[in-house]
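Let me begin by presenting the structure, written as structure tokens, before commenting on it.
Letters A, B, C and D mark the chains in the order given here, with residues in each chain numbered from 1 onward.
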Amino acid sequence: MAEITSLREAVGALIRNGDSVAFEGFTHLIPSAAGLEAIRQGKRDLGLIRMTPDLIYDQIIGMGLARSLTFAWGGNPGVGSLHRLREATECGWPRPLVLDERSHADMANAYAAGASGLPFAVFRGHIGDDLPKVNPAIKRVTCPFTGEELAAVPALNPDVAVIHAQRADRKGNVLIWGILGVQKEAVLAARRSIVTVEEIVDELNAPPNACILPSFTVGAVCPVPHGAWPSYAQGYYKRDNRFYKAWDAVSREREVFQAWIERHVLATSDFAEFEASLKAAAKETAHV
Amino acid sequence: MSDPGYDADEIMTVAAARQLKNGMVCFVGIGMPSAAANLARLSHAPDVVLIYESGTIGSKPDLLPLSIGDGELSETALSVVSVPEMFRYWLQGGRIDVGFLGAAQIDRFANINTTVIGDYARPKTRLPGAGGAPEIATSAKEIFVMLRMTPRAFVAQLDFVTSLGHGSGGKSRAKSGARGRGPTRVITDLGILEPDPESHELRLTSLHPGVRLPDAEAACGWKLARAADLAETPAPTAGELAALRDFKSRTAAAGAGRPK
Amino acid sequence: MAEITSLREAVGALIRNGDSVAFEGFTHLIPSAAGLEAIRQGKRDLGLIRMTPDLIYDQIIGMGLARSLTFAWGGNPGVGSLHRLREATECGWPRPLVLDERSHADMANAYAAGASGLPFAVFRGHIGDDLPKVNPAIKRVTCPFTGEELAAVPALNPDVAVIHAQRADRKGNVLIWGILGVQKEAVLAARRSIVTVEEIVDELNAPPNACILPSFTVGAVCPVPHGAWPSYAQGYYKRDNRFYKAWDAVSREREVFQAWIERHVLATSDFAEFEASLKAAAKETAHV
Amino acid sequence: MSDPGYDADEIMTVAAARQLKNGMVCFVGIGMPSAAANLARLSHAPDVVLIYESGTIGSKPDLLPLSIGDGELSETALSVVSVPEMFRYWLQGGRIDVGFLGAAQIDRFANINTTVIGDYARPKTRLPGAGGAPEIATSAKEIFVMLRMTPRAFVAQLDFVTSLGHGSGGKSRAKSGARGRGPTRVITDLGILEPDPESHELRLTSLHPGVRLPDAEAACGWKLARAADLAETPAPTAGELAALRDFKSRTAAAGAGRPK
């Protein structure tokens, strides 16, 4: 059964230094607040996993808290590069980052295999591309009926999955709707899990066949309104495209980035204070 | 050359949109392909089915999405499925007529690189990576590629093959086990390239109005072949331009747009 | 794009003698009207596929129209045997039936593989059971990472899938809710498909993340109100448990069964007439 | 023996229900297990999570379902997933504490037959088949089996192994690659059997009130072992019987019930 706790407690109890952690989200419902809390608590040597690393991974990597990255597409969608990720891979700063690079099909299948209790995933992929040359985890299996060769990758079973969802009820049953990504699979594949939610409600009022994570599949449920910002939560708030664009300037230089993290993340005690700190900074700029 | 009344990105988007036929099922890659696919839907191909790898099927966005997972795509979709389902039942299931991709580098056989410039272990430039492209490229019935034509993009030798095009040419793709016909069109800001039916080397088949052949040749990192019947791309119609600009201005007004 | 047609036209055009056909449904939404129409049109030498064959397969098999049955559980749930299926397997009457016998996990994975364009499915199953001894289609594959042996079965790709759903819109997009079974997978795995629906509506009004078969994945959509009877359609009508119990007596003897099919199926021209015929018979019985 | 105030099916159902602890996640097989699992939910284990292979998770039926896919199961569920998802993410995913199965035949190592009596190719009696049982039996953390004890059901040699129990005993299950502990309880109308920790042969561990040991021995097709500390099953409490009868009479009144 899921425990309903504060995000601070959940990150403190469930993420350990050295863990493989999947903060999953596919443009929608990115667990930003949880990522920042992991930075705040200085969780380190993390083996990060995510199909589409974006700002929160740029932040964790830029702070030198990650040892490796399993991923398929790392960018600021529609804006450009993730500068901290680039500096880690191009210059090894602040520390070298081991890449375990995949494709979306590959990782989606690997998470599904992990959720399914299978040791590996089979899919028709990695045909003629160079990823198998740089990633020894990508192998091939032969169909015992047709003789066809298919791609095989190990199941993904993170130590911890961290996601954001719209709602949970008081028992800890979680409801997600809209773009679902691989969040359900990530939680079911992981050994431990944290779900931040927009709100806790008496009744989920889920439509038939909705995407639900029953309480018994979840570790901790933490109410963090707005916790997916600057990404969005369908039914609650829209994507803050302005911040995604602004991140480009914040993250481009090491010092600017570090000062930003110091001021807004490390000097604040939770996500509400972080948001207040950003607002205060925006006001200052406007006054100049 | 006088002002034609549209810019190079506009004719590229229009030329790309025209490749989509009404009713086609199109898997839309991140970036410029999304603008072209939506222009097709808003002009000559209202029943084109746009599928985004975030899981949205039949999206009809009123604004140009900044990412492949914007709320606009989900809220206007016929159906939204999980990402594992998207890649298994929909892409790998063989249900996609056209995969529409962007690229950082392309070679003469339309193989694509979106991974690194330089050495993989010590890259000069780290690019975003594969995303859905490798399996889109080898699962959709055909592939359209869209990118601006420059010598840095059109290279003799890719630094990394992220997604298979026609391999080393000839029958190499057919022998690879990849499904579909591979890249059948490369739509650029200067013209359109298509693979030779035998060698599968890209040939320039259409130049956009006002673009001279030497311009295209100079923008290509290999000796560019051209079709015997090299055509001129019809200029964007007033209707096409209006639809595109309307879409973009709606997007800008909403503050949601993709920066140019 | 799906064509909206009558069930008679759809069965006539899309089911061919000798086809492998999956009339799928899992207690809920069983395509009864379509099964009866196939009998009415005398479609023969069918390779039947279904996880849980029930009354409609008892009827098709009892009429000698099936050459084989791929299945996992064949019974009248909560009532007892399917007598026509038993007579075909125990006595070869009216013709021998080749069995391709599986488990639920096996068939569910095989349909999913078929829908996924994979030649085979991998799952952790058939451990210590005798099914692989009588079914050579069940093989094993070795995980290239752990060395573990897992079950492998060929993908299921029926020539035709036939299902019943609650609703379609005028473009032929289909909405299903409640117990979903493997119907979506069966349609996506099949070469051709027929979907009978309770009603055609202007707008599906589907909730987010509902189970939808887009028009371009469906062959024919046929409005047949009540077409899943005696099974049920959530939101429309309940399961007619009385008829399931009554079927036991109808199907027990060859002659009673054949007379029932003659009178109610072969002598009627569609599902509405079939229902009227049953009602008339019930009235007679009541008057005796 | 005087009328105990309940019948053999009632004490079997009550004894089976008691095996389920509150909060357990239980995969409920077709038939008698469903009555027992729901009785548990309606009495001592309100938070037991009932999962049916039709895809319903957390069903709380007010009436006893006739099948594993009744509307009552779907409408009262926390979540309803597709059957492929049920078998992959939920059963094979290792999320089931107890798989609750019925059987036509069982042997001394709790292997189960629900396929055929007689030869497979020319069966004397064709039974329904495997359904979900083979993978339930080898995926859930433990298995409870529920069936009436008769010499035709408790046989020395199964005609067909539909679902693995403890194989040929000893370490054979552990070596098979099956997950979970296998059958830990066999609940019958006469008593309860549990496997010996070493040999894994079923031993009678509890006799229902009023049942004599020779009755059980006579109903078993092999020489039935018994535990040194053979217990008597506590008689159904008034509360248990009331809950069970209430459930059954509600079901009968609704005309929806499973015939006895």
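Note that in this section a residue touches a chain if its C-beta (ideal position, glycine included) is under 8 Å from a C-beta of that chain, and two chains touch if they have at least 3 such contacts.
Just so it is clear, the model here is predicted, and its values are computed rather than measured.
J.: Looking at C-D and B-C, which one has the bigger number of contacting C-beta pairs?
T.: C-D
J.: Hey, how far is the Cα centre of chain A from the one of chain B, in Å?
T.: Going by mean C-alpha positions, chain A sits 28 Å from chain B.
J.: Whole-Å distance, chain A centre to chain C centre, using C-alpha means?
T.: From the centre of chain A to the centre of chain C is 41 Å.
J.: Chain B: which residues touch two or more other chains?
T.: 74, 80-81, 88, 92, 139
J.: Using the touch definition from the top, which residues of chain C touch two or more other chains?
T.: 112, 117-118, 123-124, 148, 178, 180, 184-185, 208-211, 234
J.: Pairwise, which chains touch?
T.: A-B, A-C, A-D, B-C, C-D
J.: Could you list, by residue number, the parts of chain B that touch chain A in their complex?
T.: Checking each residue of chain B against chain A gives 30-31, 53-56, 65-71, 73-75, 80-84, 86-88, 91-92, 111, 115, 120, 122-126, 128-135, 138-139, 160-164, 167, 173, 176-179, 255-259.
J.: Using the touch definition up top, name the residues of chain C that touch chain D in the complex.
T.: 26-28, 51-52, 71-75, 77-79, 81, 85-86, 89-90, 101-106, 108-109, 111-112, 123-131, 134, 148-149, 178-182, 184-185, 211, 232, 234, 238-239, 241-242, 244-245
J.: Which residues, counting only chain D, touch chain A once they are in their complex?
T.: Residues 23, 25, 49, 57-58, 74, 78-81, 88-89, 92-95, 139.
J.: If you look only at chain A, which of its residues touch chain D in the complex?
T.: It is residues 1, 112, 115-118, 173, 184-185, 188, 206, 208-210, 212, 214, 216-217 of chain A that touch chain D.
J.: Name, in rising order, each residue of chain A that touches chain C in their complex.
T.: 117-120, 122-124, 139-141, 143-146, 148, 150, 152, 154, 177-178, 180, 207-211, 234
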